[in-house]
Every structure is written in C-alpha cells, then in structure tokens.
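First subunit A sits with subunit B, and in the next complex the same chain sits with subunit C.
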Partner chain A sequence: MEALIGLFGELFGLEGTLALSAAYAVCIGSILGFVTVYSMFAIWMERKVAAHIQVRMGPMVTGGWHGWAQSVADAVKLLFKEDIIPTRANAFMFWIAPAVVFCGVFAGLIVVPFAVGVQVVDLHLGVFFIIAIASIEVIGVIIAGWASNSKYSLFGAVREAAQVVSYEIPTATALLVPILVVGSFRLNDFNTWQAEHHWLIFHSPWLAMAALIFFISSLAGCKRAPFDLPEAESELVSGFHTEYSGMRFSFFFLEEYTSMFVAALLTATLWFGGFNLPFVDSSAWHPALAMPIGIVVLLAKTFFFIFVQMWLRWTLPRLRVDQVMSMGYKYLVPWAFVALIATAVWDYYGWGWLPL
Partner chain B sequence: MGAIRDYFGNISSALTSTAKGMGVTLRHYRKEPPITIQYPFERFPVPDRYRGLHILEQEKCIDCKLCAKACPVDCIEIEAEHHGRILEWTQFSIDYKKCIFCEFCIPPCPVDCIHMTTEYELATEDPDGMVEDLLTWTGLRPQDQRALEEAAARKAGKVVPDAAASKPSAEGTSAEDMAAKIAAIKARMGKKD
Partner chain C sequence: MYLDYHAVLVFLITGAFMVCTPLVLGMLFRPKNPYKEKNLPYECAEDPIGDAQIRFDMRFYTTALIFVVFDAEIVLMFPWARVFQSAPSKGVALVAGLVFTTIVFFGLIYDWAKGDLDWVKSFQNKRRVQD
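Showing the complex of A and B:
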C-alpha cells in the first residue's frame, strides 16, 4: 500500500489524497478482479470435485480442456439474462441487497496479508474486522428476503439469519484461542509468530480443537453443506434468493464462494502458518522472491481448505434445522469456551503439545 | 449418566462417521474411473435386437397391410395402387408420435420386409417431422413404368422394339441407396437373407 503510494508519487507526481485514492483504487480493483476470477474457478472446481466424487466427469466440453470455460460461459449467460424485479417488491431494497451481501464479505479481504507487504491495510484489529464486517452479510440477506415480498424468501432469510448469527458465537470464540496465544489481533503478527515458533495447529491439542471448531462453524457461516439448510435447493426453494435471477443472483453466488475463500484463508493464516513454508525460514529472503512464493503458498493452503469444504459438502447429508441449532449451541459453543479457558491455563504453565 | 454418555457418544459418532464417509468419497474421487461417457462424442453400444426406428425394404413389400393391422396404436399408414403385381406407392409412413416400439409390426410380415434398426435418436424440434416416411420412391419406378407400358403394348398386339434397354441399370439411385442401407443394417443385425 505505502509502496503503491510512493510509486504513484514517483511516476505521476501525485501527492497526498490523490495518491492515496489512486492506490486504493488499484488495490480494490485488483482484489475485485481476483475475487471474480477466483469465484469462476471455484465454481468450476466445485463441479469437477462433485463430479469425480460421484464417479462422473463434470463439464468437459466448453473451452476445450476439461470444460475450463464453463463458468465463464455461465457468467456471460447470467449477464445477458433479463433483469427481473417482482412487481410488489421494494425495488430499491431489492436492488441494494446483493451489493450489501457482497460488500460485507469482500471488505474482509482487504486486511488479509497475502505475502510480505502484499496487503491493502494492516489493521491492528484485522481478525476482529473480518468477523465484524462479515456480519453485515446477514443484514443484506434479511434485506433481500424482506424486499422480495415473497413468503419463501422471508422464511429463507429468517432461517439463514438465525443460523449465521448463532454460529458467529463459536466462530468468534474459536478465533480467540490463537489470538490468546499470539497476543495480537493483527493478521501479520500471526505470520511472524508462526514463522518464529511453529504452526499454531501444533501448539497444543486445544488449538487443534479450536481449528476444528472454527472450520465447522465457518462452514455454517458460509451456508455450506452440511449446513446449507437456509438455501436447500433440492428441498426448500433456495431460501432468500428465490426471487432473484440473472446478475443479482450471481452476486449471491459470488458472495458464497468469497466467504468460503475468506474462511479458508483465515484457517490457513491463523493455524497453518499463513504464507510461511513449513521447515523453511523465509524471513531473510529478498522481497522479490518472498512475495510470489508467499502468495503461492498461501493460495495453495487456502485451496486445500476450499477443497476440504467441497469434499465435506459431497460427503455429508444436510442437517435438520434442530440438529443445526443443537450442534451450534450444545456442542460447538461449550467446546469453544473449553478450548479458550484450557489454552489460557495451558499457556500460563507453558506446556507444549504434550504436558511433559 | 445416560445423557452424558449420549452427549459424548454423539461427538464421537459424528467424528468417526464423518471421517469414514470422507474416506469413502476420497476413494471415489481418486480411484474410481468415471462411469459416464461424453454422449454426443461417444455412445454406449446398442444391443442388436434394440427396437429403434423402422426400415422398409420397399421392393419386397406386397402392400398386405398386416403390419398396420397388428399395430396396437395404429401408427402405420399404408397406401398403394395395384397394377397387377406392380405397386404404385403413395404412402408408407409411421407416426413416431404414436409408436410405442413394441415390434408387433415385424412378425406378421409375410415377406419379411419391415425391420427395426438400432437408431434411437428421435428428438426433434418439429412435431410434424415425427411422421417418418419410409418410402424411398413414390409412384412407379422407371422400370415399373416401362414394364407397365410393355404389358399394355403387348395387350394391344404391338411388338416392343427395344426390350433390352429396360435393364436394372436404369434403376433410380435412391433404390440403390436403399439396398445398400438395408444390407448394412442386416450386416449389423447379423441377419441372413
């Protein structure tokens, strides 16, 4: 970010606010482009993973090699579809809901360190910011459900809000566990701490448990299977986006895959070493070398967790609504608090993986 | 105690069953080859006795209409004018909107002239196009026309000057195509004449 501001100052003679605005525009634009391309790739990947798990082939024709352009073709189709707003819907709210939903998740990406120095803003409360800004998504969902003026949409929005708000408790509590160990909310500090010590997943059993709890509850937060009850396409009519079609609908899709990305990214950064390679000390490397390697390593870890999310989706059947709630409140919340308190005690005495 | 045992039992069964299920799906993901094929580019082999579209050997057909009578849904329409043993065809069509592919039309045929092929792609955008015309020629073939003219001339007491000119070589190309097509289908179905 600072480097970009300096670059604009040097190249174009921009100063102060103008250079800042230009640098922000470039950063946001590149992240937006990345998210779009990533979403297309993730949708294609999801279809391929699903197909191979079900002993099928998936898209094979479009674009030549294994149907790689299928998502591009779908996106073009969605762009050209008719833009339908139901007659009795509240047009303004209907229009703004996909934007609110997408912005909430998308804003979380600006604090993520992709590699050394590849970060838009290095917030001191980075983890907190991601969790807080991702909650805006629920507001967008409720707006969408209400503005559609359809009973299916309204019930879908209520279901989804109930689930996502419930699962924010275990998500946030599980995130507190590594924060307790590292002693910072800043995402960069997790990278440096794990580069100096070890990956946090190996710190103690309680951190591994917190990672599992975070992963499960982030699945529920992303409305992924087995917690995709709010928008169960096969049984209930798609929940809150029943009335949406075309490009607006694809924004909800984009949001789903971006929130998967953020969840996987947080798992990789907080527990699995971020952009650090295992067993390799990269702190002394030249930035020009460390930067691309860091991005590749972080993306590889992230895509591994995205793959696990897809793998889980095509393995487990969907949970019933009471099962979702009892899983959240009876199992994940208590154990998240157990992990938090146990980590406090564990680290106070300075025990390692096994207290010997 | 029962409740506590249930609680921890739930946790352990959730973890073990998820792990087991993920093992199964991973095995499918990695090991099992796809059981589907890329349909328009490759096809499953069709059994020889598959009941697909019909084909008619028109030169054998004697217009007995037994196939049409046997048809339970009345989808076969046959019309021909008889000039002695020579038939002047106007219609032999099967309405595939009605046809149920029961094969009841095949056994009654006394001259074994109607067959079913292995063609199964019947989808069309035009419902009217589903009435399939099985005739490869309509009306009279040139040699039939000549044969009729000769017969009429003989009846009138005249001598036909150039009978050698009406050889089978004068047959229409469509009839030759038909013969080749039927031969190919018979070869595919392993049938003997």
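Showing the complex of A and C:
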C-alpha cells in the first residue's frame, strides 16, 4: 500500500489523507473484486471437479463454453430470492450473523502477499493475525445457529463450535513449526527465506509432517468434507444455515470458499515457496516481470491445494462427531507437538536433510 | 508500524458494508411474501415442537474447557517460536520449550486417561468395579 501511496503522490500529486484514502479505495476494490471473482470461479470449479469425479459433465449450458457463467447466473438468481426471516428467530442476530462470518475472513486477506510488494499491509504479526481473525467466523456461525431458533441450526452451530475450536490447536501448533525455523510472523519473510534457502517442506521431515497436519486441520477449520459436520446435508439439512435464504445464504458460501483460499494460500506460502518458482532465482528480476509471474505462481500453487481440498471432499465419506474429536485431540495435537519439538531439536543440532 | 492496523479496521467495516449492500439492493428486486407456514423454522414439514433455544448437552462444555487451556498454551508458545532462532543461547531456549511442552503434554495424557477427550464418556469400567 505504501507503494500505491507513493504512486498517487507522483502521478496526481496526492498527499496525506487523500493519498491514503485513494490507496485504500484501490486496495478494497481489488480485494473485493478478487473475492467475488474467485468464489464464483471456485464454485464452478467445485461443480466441475465433483462432476468429473462422479463421471458426469457438470454445468455445460450456461454461458456456452463448459457452463462458465453458471456461478454468475446463480449470483443473479440469489439476488432476486426472497429474504426469509423466521418469525421465531431473533431478527437482529439473524441479520448480523452473515456479516460477522464474512468480515473476519475478508479482513484476513489483507496480509496475503500475492507477489513482491503486492500486499495491502505487511503486518509484523501476519500469521498470528490470520488465525486470530479467521476464528471470528466461529462466533458468527454460533450467532447464526442460535438466532435461527431451529433445531438443525442449533446442532450445526454447536458442532461447528466444538469442531473448529478443537482444530484450532493443531492448526496453530503446525503453524509454529515454520515460524520456529524462519523466526518471523511476517508472511513476506517466509517468501524471502524460501527464496534464499529452500522450500520449507524440504527442510526436514518434521516440516513435511507439520504441513500435512496443517492441511488436515485447516480442512476441519473450513468445514470441508470429510469434516463438514456443521453442514452435514444428509443429517442436519444444511446445519447452521438451514434457515437462511437468498443473498444471506450466499455469504456463508462466500466465507467458506474464501477461508478455503486462505488455508490453501497459507500452505503454499509457508511450506511451498510462496510466489517463488522452484529452481529459479527471481530475486534480481525487474518488478514489472516478477510481479505478474509471482501472482501466477502463487495462484497456481493455491489452486492446486484448493483442488486437493475438493478432491478429498468428493472422495472421502464424512466422519462421525466422536471420530472428528478424537482425530483432533488424540492424533493431530500430539503429533503437532512432536513436530514442533523435533524441529527445535533438529535446528539446535543444525542437522540437514536433503542436499538442497 | 502499529498504525498499519488501521487497515484491519477499515477492512472489517468494508466487509460488513459489502454484506449489507447486496441485501439492501436486493430489496428493490426481491419478492416479499411471508406467511405463517413459511416463517416457521424448517423441520421437514412438521410443526416444530418447542423452542430450539434450550439448554444443551454439557459434553461441549468439556471440549470448550480443554480448548481454552490449550489455546492459552499455544499463545505462550508463539513468542518462543518467534525468538528461537535469535535467542542468545539456543540450548536454554530449547530446554525451556521442552519443559513447557512436556508439562502440557502430561496434561493432555491426563485428560486422555480420564476420558475427557472421548465424545461419549464411558462409565462401563466404573460400573464393573461397583458390581
């Protein structure tokens, strides 16, 4: 954003608050546009992946080429849908729940480094900030479930509370492992470190284990199958958003796909080199070249992990509630601790792993 | 540096605004035709019996308690992981981390042995002892 403020100063002679507001307008506009376009694309992609895994074609008609406009049509349709608020629901809480759910994940996107210098703000608490702000979403879901005053919603919300809250522990512990190696919370420092050394996934077997633990527990954090108990279509109708309709309902989906993006992006940035290409040193490149390539590389990595998330969704059956809880506390938490301590020991003795 | 955090506030407000805008805009287009049956909570076409805002199973309470303990512990581990590389003596940092994690780990094992991590707490063994 500093770069933008400087640019506005040079081009239009803007200064102070005016330049800051202009930079904010550009940042907000681009992040909003990105979230909207990304989630439409991700929903279309999810349908296509699901269809092809089940040997179907998926949407093929809308828009011509492979039904690319399906999500756009859906968004327009949702805008025209009646907004039903049940009489028994607490209207105000019911009303603010989608906003609470969406705000947290949306604000989490500001620390994402898309390429060199393409970042809204480089907070010095980057990683910590993302997990802190992403957990606001749980509060929104509990508000939604409770305010709906429907039994399905209540079950969904309580399950979500128990599940997301439990899986936050292995997520955070697994995130500590790369933080311990790099010694920083800034997401940009991970990119520089991996450009100078090697991708963190190859640093030691414990880093790879932490990546796996993070990926599994982030699936649970995004309520994706096999951990989609809060939504569980076959038992809870659609869980905490049973009573929601139209635009309000779509915000829960927007949030789900955005948090999938954040989880996949954290995996790509912390373990898989971020916007760095493998085997290519891009540090000396001109920004005009490094910037678009960085964005493309990072998005390619991120979309690969999003694809894996979708692949798992359409491959694995849903777990039971008690299995979800024992998976979190009895397997992921102890192994995340083992990975953390083993990495510290590994680092203390300065052991290497692969000749990279 | 700390002023960077005003961006968080701005984006939180924008997020809320972005949720509200389509909802308000939609008011111009969308139909509004509520009736009694439509506004009932959905329960597969049955009339709902009673309220959903009831007291709920306390099993979730244990989970929440365990979470709070572990989350506080994770928060304490964050600064440790951050400064580990730049610690004046890595050995001391390693031992401190080991001691702390071992204590927490014993806590986890205690919870596990007590059966607090099980979703359905089993009383079978205790009953056998009483018989």
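We adopt the following convention: the second predicted complex is superposed on the first by the 349 of 356 C-alpha atoms of A that agree within 3 Å, B and C clash if a C-alpha of one lies under 4 Å from a C-alpha of the other, contacts with A are read in each partner's own complex, and residues count from 1 in each chain.
Operating definition for what follows: contacts are C-beta pairs under 8 Å (C-beta built on N, C-alpha and C of every residue); 3 or more make two chains touch, one makes a residue touch a chain.
Values in this document were obtained by computation on a predicted structure and should not be read as measured data.
Trainee: For the overlay on subunit A, clash or fit between subunit B and subunit C?
Mentor: Superposition check on subunit A shows subunit B and subunit C fit without a clash.
Trainee: Using the superposition described at the top, determine whether subunit B or subunit C touches more residues of subunit A.
Mentor: Of subunit B and subunit C, the partner in contact with more residues of subunit A is C.
Trainee: Based on the superposed arrangement, let me know which partner A:262 touches: subunit B (first), subunit C (second), both, or neither?
Mentor: Neither partner.
Trainee: For A:210, select first, second, both or neither according to whether it touches subunit B, subunit C, the two together, or no partner.
Mentor: It touches nothing on subunit B or subunit C.
Trainee: Go through the superposed model and pick first if A:345 touches only subunit B, second if only subunit C, both, or neither.
Mentor: second
Trainee: Taking the superposition on A as described, I'd like to know which of subunit B and subunit C A:55 touches: first, second, both or neither.
Mentor: Touch status of A:55: first partner only.
Trainee: Let me test your reading of the model: by the given contact rule, A:116 touches which partner, first (subunit B), second (subunit C), both or neither?
Mentor: A:116 contacts neither subunit B nor subunit C.
Trainee: One more residue to check, A:79. First (subunit B), second (subunit C), both or neither?
Mentor: The answer is second: A:79 touches subunit C but not subunit B.
Trainee: Per the contact definition in the header, classify A:312: touching subunit B only (first), subunit C only (second), both, or neither.
Mentor: first
Trainee: Subunit B to subunit C: minimum CA distance in the overlay, Å?
Mentor: When the complexes share the chain A frame, the smallest subunit B-subunit C C-alpha distance is 12 Å.
Trainee: Please write out, lowest number first, the residues of subunit A touched by both subunit B and subunit C across the two complexes.
Mentor: Common interface on subunit A, subunit B vs subunit C: 330.
Trainee: Can you name the residues of subunit C that touch subunit A in the complex?
Mentor: Those residues of subunit C that touch subunit A are 1, 4-5, 7-8, 10-12, 14-16, 18-20, 22-23, 25-27, 29-34, 36, 38-44, 48, 51-54, 56-57, 60, 63-64, 66-67, 70-71, 74, 77-78, 81-86, 90-91, 93-94, 97-98, 101, 104-105, 108, 111-112, 117-120.
Trainee: Residues of subunit A touching subunit B in their complex?
Mentor: It comes out as residues 49, 51-57, 60-61, 311-312, 314-316, 330-331.
Trainee: In the complex of these two chains, what residues of subunit A are touching subunit C?
Mentor: For this pair, the touching residues of subunit A are 1, 24, 27-28, 31-32, 79-89, 98-99, 102-104, 106-107, 109-110, 120-124, 128-129, 133, 146, 148-154, 158, 161-162, 165-166, 168-169, 172-173, 176-177, 179-185, 237, 242-243, 246-248, 251, 321-322, 325-326, 329-330, 333-334, 337, 340-341, 344-345, 347-348.
Trainee: Could you please specify the touching residues of subunit B with respect to subunit A in the complex?
Mentor: Counting only subunit B, the residues touching subunit A are 7, 10-11, 18, 21-22, 24-26, 28-29, 32-36, 38.
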